[in-house]
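Read from first to last, the chains carry the letters A, B, C, D, E, F and G; within each, the first residue is number 1.
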Amino acid sequence: MTRPFDELTKALGKPVMLRLKGDRTIRGVLASFDVHLNIILENAEELANGQEQTIKEKYPRLMVRGDNIIFVAL
Amino acid sequence: MTRPFDELTKALGKPVMLRLKGDRTIRGVLASFDVHLNIILENAEELANGQEQTIKEKYPRLMVRGDNIIFVAL
Amino acid sequence: MTRPFDELTKALGKPVMLRLKGDRTIRGVLASFDVHLNIILENAEELANGQEQTIKEKYPRLMVRGDNIIFVAL
Amino acid sequence: MTRPFDELTKALGKPVMLRLKGDRTIRGVLASFDVHLNIILENAEELANGQEQTIKEKYPRLMVRGDNIIFVAL
Amino acid sequence: MTRPFDELTKALGKPVMLRLKGDRTIRGVLASFDVHLNIILENAEELANGQEQTIKEKYPRLMVRGDNIIFVAL
Amino acid sequence: MTRPFDELTKALGKPVMLRLKGDRTIRGVLASFDVHLNIILENAEELANGQEQTIKEKYPRLMVRGDNIIFVAL
Amino acid sequence: MTRPFDELTKALGKPVMLRLKGDRTIRGVLASFDVHLNIILENAEELANGQEQTIKEKYPRLMVRGDNIIFVAL
């Protein structure tokens, strides 16, 4: 059996979407991660709550602390 | 006695339903998991709150962070 | 002195009731557990909030993540 | 100096009162505990919020997960 | 440099005031503590929220679980 | 590179301001700390929410549990 | 693969923006950090909620406890 983190490794360099606690959604290119699920996204976009077509803010590089993550769409 | 994670191993490749904190419900095929209950679902569907017949969003592959999970229906 | 987990061992195969954070109540037969209090219930029933006579949903097999549990009625 | 858990040992077999997060109050006879403050109560009574004279529910044997406990009245 | 727990040791046998999460305030004599900041208070008094002159309840001996504590006034 | 705790060491004996979860603000002289960011403040003042000019309460010596701290202004 | 903390090392001495739980936003120069994501910011500015052009408060040096951080914009 592969493990969940193996799927993250395959997604390096590809666009992912993070759903965070407190109803935040962030999209970007998965640049790196660690065992705590801390994640670096490049060309990240924070989306407006409940309107996922609307970009609220853009960040060239973002480090997301893993404990905020609900799920990562690969 | 078997242990709870033995039941997850038996469910690999089968459809499961995850109830998450914050009233989220996600269904999909259990592709892998680890000791923190991080889970990869394939062909995942996020269901609308309180209307479990309504699919809110679809994801080909989802990594759910284990600490968000209330229960897994096997 | 016996320890709390000894009482769970005695309850294997018997009906228990779990009270979870966020006012959820689940009943079922205790099939297995581990040191984190992750629990497998069989023939599980989720009860409606505040109306414990009303069954909201049924699940043949449920894995409950231990950190959601307030108490287990044995 | 004695340690807090020494006081719990002295209270074994005696009635105690648990105040839990989320304004729950449970009384019962202290049957066992472990280092995580998981506790088995016998002849337990859950009291109604804010009306501590009113018994809401009775349980012959209850395992309370330690992380829900605010304090134990000995 | 002394460490925070050294100050608790000096306060043994003396009155302290605990401010707990969820706006609870408890006063009593510091009888013992451990590294998790679990604390035994003797002759404890729980004070009414926002009216610290009013005693809501009295307990001869109380074990407070450390993770509920915001601060201890020594 | 110095580390965050080196800055706390430099601040020993000096006034600091702690912003705590739940919108509490406490000022005082930093007397000691440990690796969990448990902190002893001397001549501490708790400030009223949203009115940081108003002192709500004074404490000669306060032990703050580290997990409540959002930030320390040095 | 580089790891998330490598990106923080590259950002030392540069301006960063921290989004904290509870809708706080703090900007400043990244002076140091540790494995818990505890961070020292210099010339820090706390921004008003939802009005990120408005500076609410300024601090010459701030230690932010890592567990409050949602993300760091590098």
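Going forward, a residue touches a chain if its C-beta (ideal position, glycine included) is under 8 Å from a C-beta of that chain, and two chains touch if they have at least 3 such contacts.
If you're wondering where the values come from, they're calculated on a predicted model, not measured in any experiment.
**Q** What is the shortest path, in steps, from chain C to chain E when you may only step between chains that touch?
**A** Step count on the best path from chain C to chain E: 2.
**Q** How many Å are there between the centre of chain A and the centre of chain E, using C-alpha atoms for each centre?
**A** Roughly 42 Å, centre to centre.
**Q** Roughly how far is chain A from chain C, centre to centre by C-alpha average, rounded to an integer in Å?
**A** Using C-alpha averages as centres, the distance is 33 Å.
**Q** Mind pulling the residue numbers of chain B that touch at least two other chains?
**A** Chain B, residues with two or more chain partners: 67.
**Q** When the cyclic arrangement of chains is written out from chain B toward chain C, what order is obtained?
**A** Moving around the ring in the direction of chain C from chain B, the order is B, C, D, E, F, G, A.
**Q** Residue numbers of chain F touching chain E in their complex, please.
**A** 9, 12, 20, 22, 24, 26, 31-34, 38-40, 59-65, 67-68
**Q** Considering only the defined contacts, which chain F positions touch chain G in the complex?
**A** Interface residues on the chain F side: 1-8, 21, 37, 66-67, 69-74.
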